[in-house]
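Please find one structure pasted underneath; my questions will follow.
Labels run A, B, C and D following the written order; every chain starts at residue 1.
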């Protein structure tokens, strides 16, 4: 059994990691840390784990060495302790934003502060298997992915990979998100009476995850516009781009199917009948799938490319476990078999 | 024009009062106080009031005399300042629990602390017009009503008034509530990701509003069991009781219709067809109606009596304005004409 | 009193009209028709009207003459009976799409069938007062507005009127909508278990309301992309455009404020603090307001312009009553004073 | 591998069975029938199954023999074809109500029609393992369970088994349910705009599942009152009873823990701190757990006993697979390991 511990186990990302790792046939979870819930059973914070583990939250100061260390802290913390963490485990998978960007100047630009461990940036591989499967398989240090970046990257991946869009042309991505994105801590606007029933375009430009789309796909002019809606789990990215002249529906089908064929967690959803014709996060809660689809206006070349994911799974902890599987040489889908629920 | 001010204007009850009073044809709103939002426009806190008022929140220390003072503070505050408030206005309408109970010992029992102004308890009339219309009309001091108590009291009122149930027999009231009951401040459990999708029986016994049902109806053995559901506004009380032997459906119809006929804001809802056959809070948001209905199991005498209200309207601010109308000799429905929305 | 009747009173648009007109101080509602609910009380279909009217649905065949006739039927019906309706009333306000487009060829293009009464198209004024106040005031025949078109038109109006965008340049409008848009009849996808929790981009291109944006604003290259979310009432349009070179924030403020100042139901929402910083439909349910706001990326000129409305009010019945007020020479806001609710 | 087929595979119960059985390590799914979706891929109806199976719906007339046949049809159908089904498979698990009641007279009383195959009633074991584990293990024919009956039976089981309540005394069970209970077909009231935001007490007495509580627990005077709330999956039963004189909290703890200890899918939830203190369906979606808890008013002996389940899992398909495991001698939890999601 591979031993793992989780630093920062009381947030939503940490809870989802615990759910996945406690059920993973090759893994033994040793420790999960939390300062605010020190000494409590993890099931008191993550009630779905009741009767599945007697693990209690421990102090991050008393961590023991393990095979793989997961970091599930709020952004900006791991970079200050990365040396210490590296001494505890030969392999590290971070869920936060600390090691996603390759360039310290980019970090400064998007996060508004200088990076505390810039030398470590180049040691990490960006942890999206659909983009870096081989590198992840041989990496010791893998970063997390932004949930909105992941939905955006996978919406655009077929177009970029097949060269169907011009990387210099403007791309507008409209992203709709559930409330779990804002974390277990909440904020003044996340009180149920304020957050229920919303359609709230809370960020028109400048979302930090934009940096991951630019870095990973090489697109030059992309904006993410964020709208909160009444849902707990889920992200939908609706990307607007222009295909190159002459690109037709059959080219798009080929490009999307290729990505789905190469990646066990990517599916093409494009039906002519029934209720579920397009990618939707509703049916993805708890699953690691990314559903992608598209619609082309042939007269103008305007393409709408859609990707739906569960922000806590494919957008965070699910992808982290997928990376673990790759790093350990296991089947990529181990412990990630849950199909999602319908209806929900 | 009658001048009014509101102490505690930034909570949900205060916001609803502002909405009603700013639109009231006989009223001029002079001041609304808030320490945490001092100097802000009221529409920055209550965004529905934008373009309807330029009022800013003022300090409670600089209140000027008015004809009627509304108190919309959290429970437990008004009793400490009641003398000061009484010096500012000849008439006071309190929305909190401070002056609802007639007996200081009851207050001690249900609220766990001694009352700070027990001599004032007898000066206040319990502010539910359906129970005390005439007294309210001639009162200077009127208390608020508990929202859950109001749904319970109006569910039971036809049965009690017509003598159809035994006041000594046990009554179980199951109450389902929306999230606005817990206030604008929220708490750890009200974060949207935690509060959405819940069916949470958070209190089995001992809810403080029980005291108002006992006091006002004279029932001896009544329990309120509280369940939170995914809704912002609304309370549904489902009361289980036994009717006296021989009571039949026609007696019940007569009793319920009598209450509805005497009270402009009470309606009997009991349809044999269509979607809306029973009282439901869904269609009451923003309205001052209390919808009541019943179902009798003739073989056992078990009656289920139902009342639906909007907790911020008939359960708080709407009833307070209804009391204002009575106290000032105006038509009881003035400023409370909003019908509610369908669908919503 | 002005007498009015409603043809097609059992749908959501008809119900909202009834709510508004029954409460309108200058109007007497004579008849509301419904074939499927013939003889039923209107409050059995629109439960919020209980205790407010004893009106029953009548057969459209027995309509009597009135001053103003409202048509609230499904699209495609009114054009077949317009002569008959015109014989019943000197003034007609239609809520459906039948008479929105000026050009029969446009109707053919967007609705896929030839218009049954093309000669009538030029007799109708497009019923959005923010665009055609003076014409409506002197019109006998006024068309309805598409709810998504209205949110789009009002999002773009400040930019178009002040000449801040190039009418030839591409405009992408992302629209998020609640379930009441699909009507009281529902469909296979509107079953609650399927429709709850959705973020469903059900139409990427070609929504019929696009025609109203092109016609009314003169923009040449505009697309509406429609996403259904979990809400009953509300539309949010998030429009992406490019401002002309040199346009700065102060120009935008001036343009948006001008539109708000000229129109009693338009408000600019653009706050730096608090929960409600941008236009949101959540607080607009039941109100006739259109809230508009914007965000400019100065480096690229990319502007995100937002408009929120209640689709049944400003997007349908509220605007129809606003037109009635203008046509009759009454204050434009009569009967439309409801402020909306917070929280909801 | 054990071969299974599902008759009636396009409803919600059938879809959930497919999800579970396709992932079950000991099972091979041969056929799923649907007349209305004949020839379609099952993932077109159950979109969560995409990329997991290429199965298509077949005609029930062309069923081939299998080891175990699941019946997931609407109530009232299986009894007409049971002989035919028994010829196809040595073991049958029915999810519908056809074979739940032992007494044909009870069936007549609660379902309002005579049973079409009364001789078969005694051949079926009531399929709730917490009540009949040993009998199920040796049975060939196992009935389904009503979801509301299951929540009720498990709420009361600790009290009945330990003899802590009088079986003759009245028991009132208040049940709150999500929309998936009403099935994939929907009805006029299940249109999202009508069903969202509801708290609707749609049945005060006489719910058919009551018969299963009386039959299985031997209680004599029990009523189920049903309230629909805004949720897709989930049932919460809040049962009100009186404990026998002298019963204290420690006796209750002992009784509840005993049931949880004997049953892998039962958990006691009764915390003094944190957000999740009581059983709630919110965290159970997709899991087979039944969470139980209680609160005692020691002065009166009034006990509130609570049970939360996912109506499609523990209340239907999950329990059916649990029965399969028992009947085949496999570990009871095989294929039912999913922990549920938090948050959701």
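The rule is simple: a contact is a pair of C-beta atoms (placed from the backbone, for glycine too) under 8 Å apart; a residue touches a chain by one contact, two chains touch by 3 or more.
Everything numeric here is computed off the predicted structure, so don't read it as measured data.
Chemist: Among all other chains, pick the one whose mean CA position is farthest from the mean CA position of subunit A.
Modeler: It is B whose centre lies farthest from that of subunit A.
Chemist: Report which of A-B and A-D is connected by more C-beta pairs in contact.
Modeler: A-D
Chemist: With chain centres defined as C-alpha means, what is the inter-centre distance between subunit A and subunit D in Å?
Modeler: Centre-to-centre distance between subunit A and subunit D: 35 Å.
Chemist: Taking the mean of the CA coordinates per chain, how far is subunit A from subunit B in Å?
Modeler: 45
Chemist: For subunit D, which residues are shared contacts with two or more other chains?
Modeler: If we look for residues of subunit D contacting two or more partner chains, we find 12, 180, 184, 193-194, 196-197, 230, 232, 275, 280, 343-344.
Chemist: How about subunit D: which of its residues touch subunit B in the complex?
Modeler: Contact set of subunit D toward subunit B: 170, 172, 174, 176, 188-189, 193-194, 196-202, 204-206, 221, 223, 225, 227, 229-231, 234, 236, 238, 240, 275, 277-278, 280-282, 295, 297, 300, 302, 304, 306, 308, 343-344.
Chemist: Hey, which residues of subunit C end up touching subunit D in the complex?
Modeler: 12, 178-180, 182, 184-186, 190-197, 230, 232
Chemist: Contact residues on subunit A for subunit D in the complex?
Modeler: 12, 15, 19, 22-23, 40, 44-52, 180, 184, 232-233, 260, 267, 269, 271, 273-276, 280, 283, 285-287, 289, 291, 337-344
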